[in-house]
Amino acid sequence: MRYRLHIFALAAALVFAGSTVAQQAGDTAVIAVQGDPGHLNPAISTAGPLHAVADSLFNGLVSLDRDGNAQPDLARSWSVSPDGLEVRFSLTEGVTWHDGRPFTSADVKFSFEELLFRFHARARAGLAPAVASVDAPDPLTVVFRLKRPHPALLRQLDVTEAPILPRHIYAGSEPNRNEANSKPIGTGAFRLESYRRDDSVVLVKNARYFKPGLPRLDRLTFRIIPETNTQLAALANGEVDYLGRVSPADVARLEGKATIVRTTAGPGGANCIMTLAFNLDRPRLALHAVRQAFAHTIDRAQMLSLVQFGQGRVAAAPIHSAISWATLPGALSYDVNLSKANALLDGAGLARNPSGERATFDLLMFPAFMRYGELMRQQLAGAGIAIRLKSLDPAAFATAVFTQRDFDLALVSYCNGVDPEIGVSRMYRSAAIGNVPFSNAAAYRNADVDRLFDEAGSSTDVARRGEAYRALQRIVATDLPYWWLVETDFTSAWRDSFRDFAPWSGQFAERAWRSR
Amino acid sequence: MSRFRAGAVAALAFFYLLCLLLSPRGALDALAMDLAFMPPSLAHPMGTDDLGRDMLEALAQGGRTSLLVASLTACLALLLGAAVGLVAALGPAALDEILMRAADIVVSLPALLFAILVAALFGGSAVNLALVLGLTRWPVIARLVRAEALVLRETDFVRASVSVGTPPIALAVRHIIPHASSAALSATGIVFGGAVLAESALAYVGLGDPRLTSWGQLIASGFAFVTHAWWMWAFPAAALCGASALAGLAADQPSDERSTG
Amino acid sequence: MRILSRLTLVVGAIWLAATLAFLLIHLAPGGPAVALGGDSGAPGYLEEVARIYGLDRPLHEVYLAWLGNLLCGDLGFSYRSQQPVLTLVLDRLPVTLALIGPALVVSGLAGVALGLAWLPRPDKPHRGFVAAMAALHALPSYLVGQGLIVVFALWLGVLPVQGLVDERVPAGGGARLVDMARHLVLPVLALALHHVAFTALLTRARVAGELSRPYIVTAAAKGLPSHAVERRHALPNALLGIVTLFGARLGAFVAGAVVVETVFALPGLGRLAVTSAIARDHPVVIGIVLVTTAIVVLGNLATDMVLRWLDPRLAEGRS
């Protein structure tokens, strides 16, 4: 509406132009994002474009530092009972919602029970099964009672995994249809000023923010710019200050022109491994030798250099290398060897037809992963394996792979999270087969692996947990329900005049400031 | 000027044949891989792409798709347009009125937006695009054919054959079509060039045919490496502009074109 | 009489667009309920959509209801943004109009000027000019747009790259308007260049055509200088045809906006069509198709009436 009035006045104004001097607004950071967030309720969706914007409006019980350790946020301290079955949080005093109402433990209880455990895909799959109850004995205390010890709990409570929403706004409503989804009320460092679909989201400083001295910026403007070349040009031209996600190929263009930070965590999740999932329900892929042949054929070093431009690592273990206490370096010892692969396939009875092909498989993936798919198609052709690429949008992909299970191969970016309980166990547990997006795509079943996950997931002793995770990695690295390709890093960039962005966190701009 | 036009048509046909000759059978995956991001050299006159595929072969393959979409569009528009134009000119006056009114209506439809709607409902598809464009662009040609036919109808040799009882269909085949074809082909050139551009526009915004390689798609994917590997988008872009410009030159001049995108 | 037939054209085009959209929805995989409501996966949802749109009735009744709703200005409901389609479309329309309005003017004026400057003469056919215009006409606007960004924003640093406003310029007042105008320069150019070439070639052909007609030959024989002949006799007559054809290309301007709005990150109708298509928010795409059709036919009608007002001869049936 504002625009419309302006445009109609435009012609008139051009005549009288040039009299006003532009005045300097307060410190604003302009953030380029590629897609529209859709709405701004981070508790009912795990969509990346949404969290990139909405996480600045809310808080979790804890925040995560660059190493993935929990730091105080809405909770100022916490304690775990000796048996590990009860975690007690003391909430920060004096926190208010953007509408002035006080924040209390009732909001936390409501958020988990009515929103996160019902609508947030990762909280629902990765946290809800471990939690017996969330209690609010007094306004400043929240107690999580657990069914079994759940050492990953703290790392699942940050604003991305478990944002806290106001009970007084959402109680008694249908969360998916609540008007507050587009006019959010949070506790966060910034509050919403305006949201124009496909154009921009403007946030302004929350003057009553409970962290003293924060935020330092007055405004955050998220500009939706679909074309990445335009994003880069806008950064170079000073119209945009921050790019949350720079594609690997573009990093070199920004070298020396902006502050570039590479992390293993980003708005989409932390510690992600690009993974090829074999549908073990398909007879040919149920053959161990066939999966081994894939491992001997796919050249992951070439993939890392061609597709990721070296920004990441060849996966050395089923668990991401950044989770150093749990990973098992060297677990994946398959060399690229076409003659071995061909021998394995011959042995498995997949003979070449006259045109040299042994079998054709459908590979499903998101459109953004097309280049991985094309490269694998090229590489696998060498072993006589033909690949039909099918790129599907996220919703259609989830339906085809996890609901209908109608696929041979699927390319999934499995984000391990900061603890294997968050993002690893869902890939292997037999209980995680079925209609939950991004769970056990392979339909892998192994009683020993299930038992080891139980052991690792319910112990509070890091050494014992690490041992269990390493033991199960030895098993899955042999069984090969997946082929772990490359660990993919996230790259963010911002103009040098800005400092202290935290791209690994949803609250990336909480501490950012502009130097004069 | 007609030599000029014939030259443009011939160049376009040569272009297409070249694409057919240079592109290997099957999809892009059949291309041999070499080092990625190699600038143009003797081995790879147009360099290699991000996966080490020869850009010349990719370009030829893209040309097959792009030129085929444009040819399909042009043929459909030409057939429909010529048929409607002839019937309007040689048939009864009332039919003429109805057909020309229909042509006015069809030409007002926003073709590219319809193509977007079809891509949204049915998925991106080169054939669907050609259908949408062909079914909305025929009035351009119909109008020209009708105008030519009306003039020819009054000429002595046509009157003479009418007087000896030649049926209208034979009349059209024997006398009108050969004479009206020049004008019709001219408008077809514009339809052809428009289709090349429309295909690339859809590929650019992400609504192209995901199963085929086209020039538009090569440009769109090359844009991801705009400074890193200029040859990845510059050659397809040059080919696209070249084909579209040749089609425009074949049309010689925008005659009574009423295209609406 | 002619006005009446123009009105049937307006109604006919909108009716045809609505009918084609209706057919496409019913042919789409998944059926009309999925096409209109999206597949949210919630149980009972599609039944609800079918009930709202009355899809359970016989097909001809559904069709009549569809036309009836459109007649009442009800273009359906966007499930992506939970708003009526009409609200959404009207909200974006000004941005697109601000883009195509100046582009129309620029390409009209520049095109006619270029066409007149390079009129074919017996001694100088200006084939180079024709080839240059054909090449310009053949350039896809995303290439032109990226090229303009590199030159005017990155090298010369005189114009902004994207968007409609700079957030750092205070809202309200003349500064914001100047800022908006600056932001529109490159998108307008990217959209206009294609049509400049078209108009130049058209003008050239039309004026040359007029010059070969008997009355001009007579005027020249009377000793009028050739530029006077061009300006006083040939141009006005040719201009009528040029403006008519130019009006008919309104649709091409909206189509061009699809790409230009993507390149320059402008929140207009074209961008909305693309994001809605990718999100399978079909009612919005249909709404944009219908509104664009209406703009095109009404634009044509307006052109026609202006021309008639300028030249009463047209009203007498000579066209």
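Details
In order of appearance the chains are A, B and C, and numbering begins at 1 in each one.
The rule is simple: a residue touches a chain if its C-beta (ideal position, glycine included) is under 8 Å from a C-beta of that chain, and two chains touch if they have at least 3 such contacts.
Quick caveat: nothing in here was measured; it's all calculated off a predicted structure.
Set side by side, B-C and A-C show the greater C-beta contact count at B-C.
Using the mean of the Cα atoms as each chain's centre, the chain most removed from chain A is B.
Centre-to-centre separation of chain A and chain B, using mean CA positions: 44 Å.
Mean C-alpha position of chain B lies 21 Å from that of chain C. Distance between chain centres (mean CA atoms), chain A to chain C: 41 Å. Counting partners per residue, chain A has 227, 229 as the residues that reach two or more other chains.
For chain C, the set of residues touching two or more other chains reads 146, 262, 278.
Within chain B, the positions touching two or more other chains are listed as 206, 223, 226. Interface residues of chain C facing chain A in the complex, by the touch rule stated above, are 39, 41, 80-82, 88, 91, 94-95, 97-98, 146, 149-150, 153-154, 157, 160-171, 173-181, 262-265, 267, 271-272, 275, 278. On chain C, the positions that touch chain B within their shared complex are 5, 8-9, 12-13, 16-17, 20-21, 24-25, 27-29, 35, 125, 127, 130-131, 134-135, 137-143, 146, 198, 201-202, 204-205, 245, 248-256, 258-259, 262, 273-274, 276-278, 280, 282, 285-286, 288-289, 292-293, 296-297, 300. Considering their complex, residues 1, 4, 101, 104-114, 116-122, 193, 197-198, 200-201, 204-207, 216, 219, 223, 226, 237, 240-245, 247-249, 253-261 of chain B touch chain C.
Residues 1-4, 6-10, 13-14, 16-25, 28, 30, 36, 38, 177, 182, 196-200, 202, 219, 221, 223-227, 229-230, 233-234, 236-237, 239, 393, 395, 399 of chain A touch chain C in their complex.
Within the complex, the chain B residues that touch chain A are 28-30, 33, 36, 50-52, 206, 210, 223-228.
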